[in-house]
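Supplied in C-alpha cells, the structure appears directly below.
Order of writing sets the labels: A, B and C. Residues in every chain begin at 1.
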Amino acid sequence: MIKYALRRLLSTIPVMWIAVTLSFFVLRLAPGGPFDGERPLPPVILKNLAAHYNLDKPLIQQYVIYVFDVLKGDLGPSFANEDFSVAQQIMIGLPYTFTIGGLAFIFAILIGVTVGCLGALYQNKAPDYLLGLLILVGLVLPNFLIAPILQLIFGIHLGWLPVGGWGDGSFKYLVIPIVVLALPHAGRISRMTRGSMIEVMNQNYIRTAKAKGIGPRLTVMRHALKPAMMPVVSYLGPAASYLLTGSLVVESIFGLPGIGRYFVNAALNRDYGMVLGTVIFYMVLIVVLNLLVDIAYAWLDPKVRNR
Amino acid sequence: MNFLTKKFLASAVFGSLLAVSAHAATLNIHNGGDPQSLDPQKLSSDYENRIAGDIFEGLVTEDPKDDPIPGQAESWTVSQDGKVYTFKLRDGIKWSDGQPVTAGDFVFAFQRLVDPKNAAEYAYLQFTIKNAEKINKGEITDFSQLGVKAIDDKTLEITLENPTPYFINSLMHYTAYPLPKHVVEAKGTDWVKIGNIVTNGPYKPTEWIPGASVTTVKNDQYYGEKDLKIDSVKFFTLEDQEAALKRYRAGEFDIMTDFPTDQYEWMKKNLPGQAHVTPFLASYYYVLNATKPPFNDKRVRQALSMAVNREVIGPKILGTGELPAYSWVPPGTANYGEPAYVSWKDMPYKEKVEEAKKLLKEAGFGPDHPLKAQLRYNTNDNHKRVAVAIASMWKPLGVQIELYNTETKVHYDEMQHGQVEIGRAGWIADYNDPDNFLGLLVSGVSMNYGRWSNPEYDKLIKEANAQTDLKTRAEIFKKAERLALDDSAAIPLYYYVSKNVVSPKIQGFEDNIQDIHRTRWLSIKE
Amino acid sequence: MILNPAKRELLAAELLEAEGLSHKSRSLTGDALRRLSRNKAAVVAIIVLVLLILAAFLGPYLIPFGYEEPDWAAFRMPPDMESGHYFGTDPNGRDLLARVLYGTRVSLAVAATATSVSVVIGVLYGAISGYIGGRLDAIMMRFVDIMYALPYILFVILLMVVFGRNVYLLFAAIGALEWLTMARIVRGQTLSIKQREFIEAARASGQKPFKIILKHIIPNLVGPVVIFAALTVPEIIATESFLSYLGFGVQEPLTSLGTLIAEGTDAMESMPWLLIFPACFLVALLMSLLFIGDGLRDAFDPKDR
C-alpha cells in the first residue's frame, strides 16, 4: 500500500511542474501588468518597480529564478501585499480554507449518504419524491444565490447567526458558509447514493440474503452500503476540487480570510507570484485527495487491493 | 477538530477578559480592499489611506472637515519667495515605543520616499520639493541635496522647487508622514510587521490578518490620547458590497465606506439618514483619441460631448444624484473659485442634440456614412450602465458604438499606450487644487490618455504654476481651462460622489469633499 | 383460458407490446426511446425544455422591446401590465422579459456548443484510444490523468484573463474541460464493444481501423454518450453562471441566465423581480435537463424499478 502511494505521489511531480510552467507563461501573456492602474505611474517609478521585482530580466531567466526559489520553499513576493510574501499569505489562509472545506466535505458526505439511503429505502414513495425535489432545488440554484438568501433569513431577519466574517472562530460563524459550500455536493452525493443503493439492493446476493430472512431493512442496508459506496467514493476526488472552487465564492461573500479569494483577485491584479502559489497549492491538494480516494477505493473493493 | 477546540478555548478566554475590562468602544469599519502594506510609502488607495491616517500623523493633519491643522508641527513660517517653509515641531511628540519624534525622522522619511531603490509608487506627489524628482530619476545620487533639512531636533526646513500654494495641503498626504528611523534602520523591511511596527499617530496597529481585517488600538504615547473617544478600530476587508451591507444591517459594521448604488433607494426608505452621499473631489470623463481620425476633428469631439444628456446620469442611471460636469475642474476645488464652463452648458438638451447632428454633418458623417467607434471601459457595474446609456444617447446621431470592457489593469494599460478610440477614465484628486486636474491635459503626460496636445495650453499651465499670487494663478488656470473646454479636449461627464453608510450611533462624522474621516474625531454613542 | 383465437391473438399482441418486445423496433436506441416515452417525469421535462427553447429563440421576435435599449421612461420598474414590461425593467431601463429570453438563448447556446465540443473530442479520443489499445492507449489515458489533476477552473480563469472575454473562447474553454470524462467513458465502452463478434467480422473483412471506429464502434456508443451529455449540460450552465458571477462570463450587452441571476441577487430586496424571473427560468431549465438525463439513463439501462 505504501509503495503504491509513493509511486503515485512521485508520478504527479512532473504533472505539477507542467502545470506551474504553463501557468507561469500563460499569465505573462496576459495584457496588462501588475502596476497599471487608474493613476499611471511616471516611467521612472515603473522602471524602479520593475527592477525591484526582477521584471526587467528576460522571461526565461525569471522563470528559472522562480523555479529555484520554489524548490527552496520560497514562493516569492506578492505584488498586492507588500508586507506578506506569497508563502506567508498561503500559510495564513490555509487553516481557514481547510476548516471550512473539510467540514463542508464531511457535512456533504453525511447528509448526502443519509438522504440517498433514505431515498433508496422509500423508493418511489412520498419521502423519496419529497427529498428528491428538495435535493434538486439545492443542486440547481447557484451558490452565490443561496448564500445571500440564507444570510438574509438567518442573519438579518431571524438574527440567529452572524452574517459573515470569521469572528472569534466560534462555530456559529461557520454554519452558513459550510451549508452553502456543501449543498450542491450533498445533492449530487445523495443522487448517486440512491441510484447506487437501488442497484446493489436488487442484486442477487442481497435478494438471497433477504430471502434467507437476514432481517429488517437496516441490516440489508449495512450489507448493501459498502459496495454501493464505490461510485460515490470515485466522485470524492473531483468533489474535493469542486469544493475548492466553491470556496472562491463562499469566502468572498462571507469575508473569510481563506486562500480561495486570493486566486481570482491575484489573477485580476496580475499578482504573478500569488497566482502561481495558489496553483501549486491547489495541485498538491488535489493530488493528495485523489490519493486518499484511491486508497479508500482499494479498501472498499478487495479486488482492487489485491492487484 | 483540534484547531476548532483551540479556537473555542481561546475565544472563551478572550471573551471573558473582554467582559472584565471596561466596555471598550470599538469601531467596526468596512474597508473594501485589503491594504497593500502598513508602510505609508507603499500605499496608493483610499482604503489604505484610512488606516495609515489613523496610525501615523504628519506635520499637518486633517480636521473633521478635512482642512489642515497643526499635527506633529505646532507652527510654521514661509519665506518671502514662498519657497522655504520652516516647521517647529510640537513638544512631547513620541513614537508608540516611547522614543521621541524628531525632525530627523522626517528627513529620513522623505529621503526614503524618493530613493529610486524603494520604488515608492506615490513618490511623485512630493516632487514639489527641491530635487525630489531628480533624485528619484537617479540624476542626483547625493541624498543630502533633497530640500528637506533638520535644523535641529525640533526644527524642520523644507525648500521647494517653485512656490506652491497647496503645499501645506499636500503635507496631509501619507507620503509626507515621518518614519521611525530607529526601527526602520534596525529591522529593514520587517519593520512593518505587527510585532515591530511603531507609529506616531492616535492609534497603533495590533493585528493584521491579510484578506480579512486590520485592528488598531489607542496609542498611549500620542499627545492627544486623552481626547480620543474610540479605543480600538477594526477595518474589515470585504469587496462584495452587498454582503457588506447585510453585515452592516446585522450590526457587525458601524461604517461602510461604499455601498451598491442600486440599494440607495431602498436604504433611503429602510435605513433613513444613514446613507451619506456627498460630492467628491473626483471627475468621471471619456477621452477621445485626438491622434486618430475622426477624433482629431474638433467638431466630432464637440458633437459627441454635446449629445450626452448629463442630467440623467446621476439621478436616473446611477441613482445617487451625481452632478453633471460641464467644466474640467470640479466646482468646490480650493484656490479656484468658480471654474470655467463649456459655452453650450445651458442650452436645452434638444437643441444640443440638433447642434451635435449639424456638427457631425459638417465633419462628413450622416446616416449614409455613420460614425463607428469602440467605447472602452473597465469592468464595473456603474461604468457599464453609463456606457450603455451614452451609447444609446449617441445613436440618434447615427453613431454606432461597440462596447468593450476589460479589467482595470488591462484597460489602463491600453489607455496609456494610446490604443483606445473612446475610453472611460476617472480621476480622484491627490490634493485639493485645480492643478491636479488641469495637469491631466498637459502634452506628454502619461495620464493624458487622449493625447490631446495644445502648446498654448501647456504654456498657460506653466505660467500659472510660477505665480505666487493665488488670484492671478487662478485666473491663468481658468484661461487654460476655457481653452481646453472650447476645444473639447475630453468629455467630462459627472463629478463623483462619495458614498458612506454611517450608523446613527456614530458622532463626529462630517461629510467632506475628499471623504476623509479620521477616527480621532469620532465617538460612539451607545 | 381464452378460447377465442382472435381474442387470443389480440391478447398476445397486447402482451408483447407491454413488454416492449413487439416487432416495431429492435435497435437499442429504439427500445430506449420507447422506455423513455413511458417515463412520465421525463416526458413532462421534455415538453418544458422544448417550450423553453421555443421561447428563447422565437420569443424575442414577439416582444416590442429589445434586450439592450433602455426605456428612458421606465427605469427600475416592477412588472407592469400596462407598459408592456411584463417582467419589469432593470436598472438600465431594459425590459427584463426580453433579457431573460435572450439570456436563456445564450445559456442554451453555450451549453450546446460546449457539449458538442466535448462530445466530439471525447468520443474520438476515447474511441481511438480504446480501439487501438496497447501503448497508444496507455499514453493517451495517461494524458487524461494528467489533465484531470490540473485545477481546471483555475486554468479557465487564467485563460479568460489572458485572452479577454470572448464568448466563443468561453464555449471552447468549458468544452475543453468536459471532454476528459467523456473520453474515459467512451474508452471503457469501446473496450467492451471491441470484443464483440461483429467487430471481428469487420476486421476480418479487411476494413480499415478508422472506418471500423466510425461505422461500428461509435454508433454503439450512443447510449452512454447521450446520457453523459444530458447530465453535463446542467454542469456547464452552472459553470457559466459561476464564471458570470466572477465577471468572466458573457459580456455586455449580451446576457445569460447566470449573469441575470448574479445581477438579480444583488437587488434581491429592492427589485426582487430581477431575481425571481431569471431564477425560475434557470430552475425550470436545469430541472428538466436533470429529469431528461435521469430518464435517458433509465431508458438505456433498465436495471432498477
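Here is the rule we go by: contacts are C-beta pairs under 8 Å (C-beta built on N, C-alpha and C of every residue); 3 or more make two chains touch, one makes a residue touch a chain.
These numbers come from a predicted model, not from an experiment.
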item: Of B-C and A-C, whichever chain pair has more C-beta contact pairs; value: A-C
item: Chain whose averaged C-alpha position falls nearest the assembly-wide average; value: A
item: Between subunit A and subunit B, centroid-to-centroid distance (C-alpha), Å; value: 38
item: Inter-chain centre distance, subunit B versus subunit C - centres from mean C-alpha coordinates, in Å; value: 49
item: Averaged-CA centre spacing for the pair subunit C and subunit A, given as whole angstrom; value: 24
item: Multi-partner residues of subunit C (at least 2 other chains); value: 161, 164, 265, 269
item: Sites on subunit B at which at least two other chains make contact; value: 242, 406-407, 410
item: Shared-contact residues (touching 2 or more other chains) in subunit A; value: 30-31, 148, 152, 268
item: Of all residues in subunit B, those that touch subunit A in their complex; value: 3-4, 7-8, 10-11, 14-15, 34, 36-39, 42, 44, 116-121, 123-124, 136-138, 192-193, 208-213, 236-240, 242-244, 246-247, 249-250, 252, 406-414, 416, 425-428, 446-447
item: Subunit A contact footprint on subunit C (complex, rising order); value: 146, 149-155, 157-159, 161-162, 164, 234, 238, 241-242, 245-246, 258, 261-262, 265, 268-269, 275, 279, 282-283, 286-287, 290, 303-305
item: Touch list for subunit C against partner subunit B, complex; value: 68-70, 72, 75-76, 91-92, 161, 164-165, 247, 251-253, 265-267, 269-271
item: Touch list for subunit A against partner subunit C, complex; value: 12, 15-16, 18-19, 22-23, 26-27, 29-31, 124, 136-137, 139-142, 144-145, 148-149, 152, 195, 198-199, 202, 241, 244-245, 248-249, 263-264, 267-268, 275, 278-279, 282-283, 286-287, 290
item: In the complex with subunit C, residue positions of subunit B that touch it; value: 242, 260, 262-263, 265-266, 312, 316-317, 319, 379, 384-385, 387-389, 392, 403, 405-407, 410
